[in-house]
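The structure follows.
In order of appearance the chains are A, B, C and D, and numbering begins at 1 in each one.
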C-alpha cells in the first residue's frame, strides 16, 4: 500500500479475550501497513475488532484480552520494534506511546481527566517525553491549543474539562495527542459522539493537522461518509478480519467484497436523489465466540457458494493495490 | 394546503423544563426545549424532523404524545372525539380528558431510539407486544396472543420468538419488537424517535426498509425524528429542521435539500459527510457550539453562528413564514440570499 | 432457577452458603440439639474448662457454654430476621411512594433520610432503644428503624430509575395508568435490589444486635446472646479466657458466611458487578 | 464556594432544632412521669414537683416545648440524677476523650486503608490483592468487642505489655485505638479498593496510559485523584462510624468518653445525661458531615468552579 517503507506494519495479528463465556476472537488474523503521512481508514460495524486492533497497536490490550499471535512492527530510522512483544507496562512501550504513536478516543466527555486542568494534562503529556522546562512546556501547550482552533487558549489552559463543550474537549484531546509530534495518530471514532456540525469542524481540523504535522493517521469509524472524507487508503473489517483493502477511490467506486457492497448499499446518501430502496444486509452479526468455518460473512452473503462455507478465502489481490477476501473474485480454485 | 388532509396540527407548542434548586424546589431557570413549534402532519406522509442534539426534536415528539406535558400550545388531532366516533372534528391532545386521551392513544404510538431500555427484560416478547392491547382492555387473552404473533410476522420475526425474553435478541431484532408493539393498537400516527440511530449500519437499512413496508401495509403516518440528515432525506416526504427549540425551515424533501432558504439548513447539509470521495461540496463550517437553551441568543437564535447575519438578526426574532410553494422558513434574509443546495440529478 | 444454576458456579458461595444454611438449621432445631439445658444453673460446676462433658466449658453459673451458644444462634436468627423484615416493610413502601410521588414530598423525605444516614446504625439503634426499652422487641424495632433509611433510598432509587425506563413510557403511550405500571413494571424491578440489599445488610444486623447486647442494651440475661455472653466473659477474662471462644467464633463465622453469601448473591443477580471484583 | 459553606452552616440550624425537638419528645415517648424521670427514681416529692413546675409538665404541650427549647438554647440541658451536676459539665470533658480516641483510630484506619486499597487495586486479581481482600473481609466480620477482648487477653493478660483499661498514659491509647481503627481500616480498605478499581476502569486512565505515563503515575495521580471524591465521602462516613464504634470500644476499655457515659446513663435511667450525650453526639455527626461536604466541594473542581 503506497510507499515502500511502511511506518507501521501489522502481520497476522490475533487478539483474543478469555472470558467466562468462552474465547472471543476479537481480532483474528489482521494484516495491514500504514506508510508515513498516509491516512488509513478502518471501517466496520461494532464488534468487528477495529478498536481492539487500534489498542493493540498502542500496546493497550488489558486482561482478559491477550495478543495471541502476530507482529506489530514499528519502523524507526535504524531499527524495527515489535510492539506486540513489549511489556505493556514497560519503559520501552511508554517511550512510544504519546511520543511516536498517539491516540484520541470516541468520548471526549470521559477521555479527559475531570479533576485536572486542560493545560496541565497537555503539559504532562509533553513532559513525559521531552526534557524541557515546565514553562517551555506551558508555552507549547498554549500554542497547541491555539493550533487546534481553541479560542482564548491561555484562558482555556486554566479550565477544567467540564467547562468545555464536547467539540472543544475533542480539540483539546487532539492538542494533547499532537503535543510530541507523533509519527502516527490513532483516532478511534473521534467524531462519532459529536453533532454533525461539530464533526465537520473536527474533520476539518484533522485534515489541516495532517498537512501541517505530516502525521500518518489510522482513522477508525463506522461511518463511510467520514472515511470518504478523511482516508487515503481503506480497510474494511468484519468479524475480526479484514475483508477488503484498497485506496479510497478504488474501494468506493469498485467495491469487490459483498460485505463492502452491502455496507454501501445500506446507507442512504445525500448525493442520491432517486427513491431507491436500501439494499440491507440480511441477518445479524454472528457471535465472536462462535468457531469460524469458512468465510465469516458466508451466512449473510447473498452470493455465498459451497466453498465459502468450508474454506477460508484469505485476503488476496484482485487488482493492483486492491485486495479482497472473497472467492467470487478468484479464478476457480 | 387543504385542511382535510391534516392528521395532526401542532400550533405554538412550548415545553419549558424548570431548573429547580434547593429544598423548596424553587425554579431558578427555564430550559426552553421547545419554544413555539408549528407543525402540520398530513395523512399518510412521512414528516422528517431533523436537528442536532438539544434542539428539542425529541421533546417535540414526546409532547405531541403527551408523554411530557406541554407548557402551552395546541396539538390538534383529527380522529375520534370523546364518544369514540370517528368524527371529522379535531381534538386538542393538550386539553383532552384522561378518558379521551386513552382513546387517542390507540391512534398515536411511538418507537424509541434505545432498543435496550425500551423492552421490559422480565416480560416475554408476546407479552410486550400485546401489552398495549391489554392496557386498552381489547380482545381476550388468546386473541391478544394471536395478534402478537401476527405482528411479529409483520416485522420479520418468527412466531417461535414470542415466548422468548428480550435479552435473547440483537439490537435490530429488539427494535423490530418495539415496532411490533407500536403497531399493536393499529395506530394512524407513529412518532419514530431516532429509531435507527442506535443500530449498526447494516441493521439500520433493514429497519428503514421495514418502516417503509409497514407504512404501505398499514397506511401509517410517520413523524420521523432523527439527527442523520441522509436518513431523513431518504425516508421523508417533507422535512422540518429544528434549531434551539424552533423550527427554522420546513419544505418538501426535494425542495428543502435542493433549494434551502435558511442558512442553518445550508450549513447542516454541507456538514454531512458523503460516502463518495469525489463528491465535493462547499464546506460551510459553522463556528462555535450550539448555545444553551436556558439562555438562547437574542433575535434570531442562529445569528451568532450565521455567516449571513446582519444587525436586524441580533434584535428581531424572524417570523416563521411562507417563502415559497409549501416552503416555510424563519430567516430575515430568506428572500435575498441564494443558498447552496444539493443539485438534483 | 437460573439463579441457583449461576450461584452454583461460585465455590465460595457454595461452601459458605452451606455453612449459613447449617447455622440456620442449628437455630431452628436449637431446643432439640443442645447437649445440656442452656439455662440450668449448676453452682457445683462453675468455670469448668472445656472437657468432654462440656466442650466449651461452663460459665459463672455452671451453665454449659456450648448449649448457650446454640440457643444464642436461635436468638440471633430470630432477632435479625425480624429486624430485617421490619426494615424492609417500613423502608420499601415509603421509598416507592416517595420516588413515585416526586416533587417537594420527595425532596423533604430524602433530606430527612440523608440526615438519618449520616448517623451510624448503632447510634440510631441506641437512641431508639432508649424509647423502645432494652428488650428483644426493643432491639428488633431499633435495628429495623435504624436500617430503614437504607431501604428507603434503594426503593426510591429503583422506582425513579424504573419511571425513566422507556418501556414504562411505552406503557403510558398505550394509555396505561399508574396501577398497571407499578404492578407490571416497577415492582418486578424493585424486588431484586431489595433482596440483594437485605442479604448484604444481614451481617450488619447481626453485628449491631450483638453490639447492643454487649452494651447491655439488647437481649437481657438469662436469655443467651453472643454479645451479651462476651460481655459476661469479659469479667472472667483472666481466670477463664476460654469463655470467649464459643460466642466469638459463632459470631464471626455467622457474619463471615452472611457477608460472603451476600456478595455472591449480589454478583449472581447482577452479573455486571463481577467484572469489577 | 462561600455560598456553599454558608448554606451548609445554615442547614445546621434546622437540624439542631429537629434534634432538640426529638429530645423533648423523649419525655413523652418513654413510659412514665417525665418529672420523675428527670428527678431520678428515688427523688423526694418536693424535687419532683419543682421539676414539674420548672419544665411546665403540668402545662399544655406547646408551653412545655417552648420552655424546654428555651432552656436548651441557653445551654441548660438539666442536671444529672445522680451527681446533681449540670449535664453540660459532665459531658464536655467526655467529648474530648472520645474525640481523641475516634480521631486517632480514624487516622490509623485512613492510612492503612488508603495504602492497602491502592495497592490492592493496582495488583487487581493477583495474589497480593487476594490476600488484602481476605484479610479485610475477616476484619469486617470481627466486631470490635471480639477484637478488643482478644487484644486484652493477648497483650495485657498473656504478654502483660499494655494496660487493660483507663487513659492515663500513651500506652493506654494503643489497644483501644488499634481495636477500633482495625475494624474501620478493614471496612474502608474494601471501599477504597473498589473506588480505585472503578477509577482505573475509566476512559481517562486509557488516555493517561496512551500518553505514555508510567503505571505509578497512572494509579497514584490520575486514578487516586478521582477516586478521592468518593473516598472523601467514605472517610466522612467512616469517621461517623468510628464515633459510633467508640461507644463499644469505650465500654471494653473503660474509656471515660461520651459513649460510655451515654450507655451508663441509659442503664441507670439518668435521662438528662442521656439527652445531653445524644445532643452532643448528634451535633458532632452533623459537624463531621458538614466538613466532609466542604472537603468534597474543595476536591471536586466541578463544584469548586461553578
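Assume a residue touches a chain if its C-beta (ideal position, glycine included) is under 8 Å from a C-beta of that chain, and two chains touch if they have at least 3 such contacts.
Remember, predicted model here, so these are calculated numbers, not experimental data.
J.: Using CA atom averages as chain centres, what separation in Å is found between chain A and chain C?
T.: Centres of chain A and chain C (C-alpha means) sit 52 Å apart.
J.: Can you check how far apart chain C and chain D are, centre to centre, with Cα atoms defining each centre and the answer in Å?
T.: The answer is 22 Å.
J.: Mind pulling the chain D residues that touch 2 or more other chains?
T.: There are none in chain D.
J.: Of all the residues in chain A, which ones touch at least 2 other chains?
T.: Residues: none.
J.: Counting only residues that touch at least 2 other chains, which ones in chain B make the list?
T.: Correct list: empty.
J.: Which category does the touching pattern between chains fall into here: line, ring, star, complete, or other?
T.: If you draw each chain as a dot and join those that touch, you get a single closed ring.
J.: Where do chains touch, given as pairs?
T.: A-B, A-D, B-C, C-D
J.: Which residues of chain A touch chain B once you look at their complex with the stated criterion?
T.: That would be residues 45-46, 165-168, 195-201, 203-204, 222-229, 248-249, 252, 262-273, 277-282, 284-285 of chain A.
J.: Note which residues of chain B are touching chain C in the complex, please.
T.: Its residues touching chain C are 23-25, 65, 67, 101-103, 105-106, 108-110, 112, 114, 117-120, 122-123, 128, 131-132, 135-136, 178, 181-182, 184-185.
J.: Within the complex, which stretch of chain C touches chain B?
T.: For this pair, the touching residues of chain C are 103-104, 107-108, 111, 165-167, 169-176, 180, 184-185, 188-189.
J.: Across the complex, what residues on chain C touch chain D?
T.: 115, 118-123, 126-127, 129-131, 134, 203, 207, 210-211, 214-217, 227, 230-231, 233-234, 237-238, 241, 244, 248, 251-252, 255-256, 259-260, 276-277
J.: Okay, in this complex, where on chain B does chain A touch?
T.: Residues in contact with chain A: 52-53, 170, 172-173, 200-206, 208-209, 212, 227-231, 233-235, 254, 257, 267-279, 283, 285-286, 289-290, 342, 344-345.
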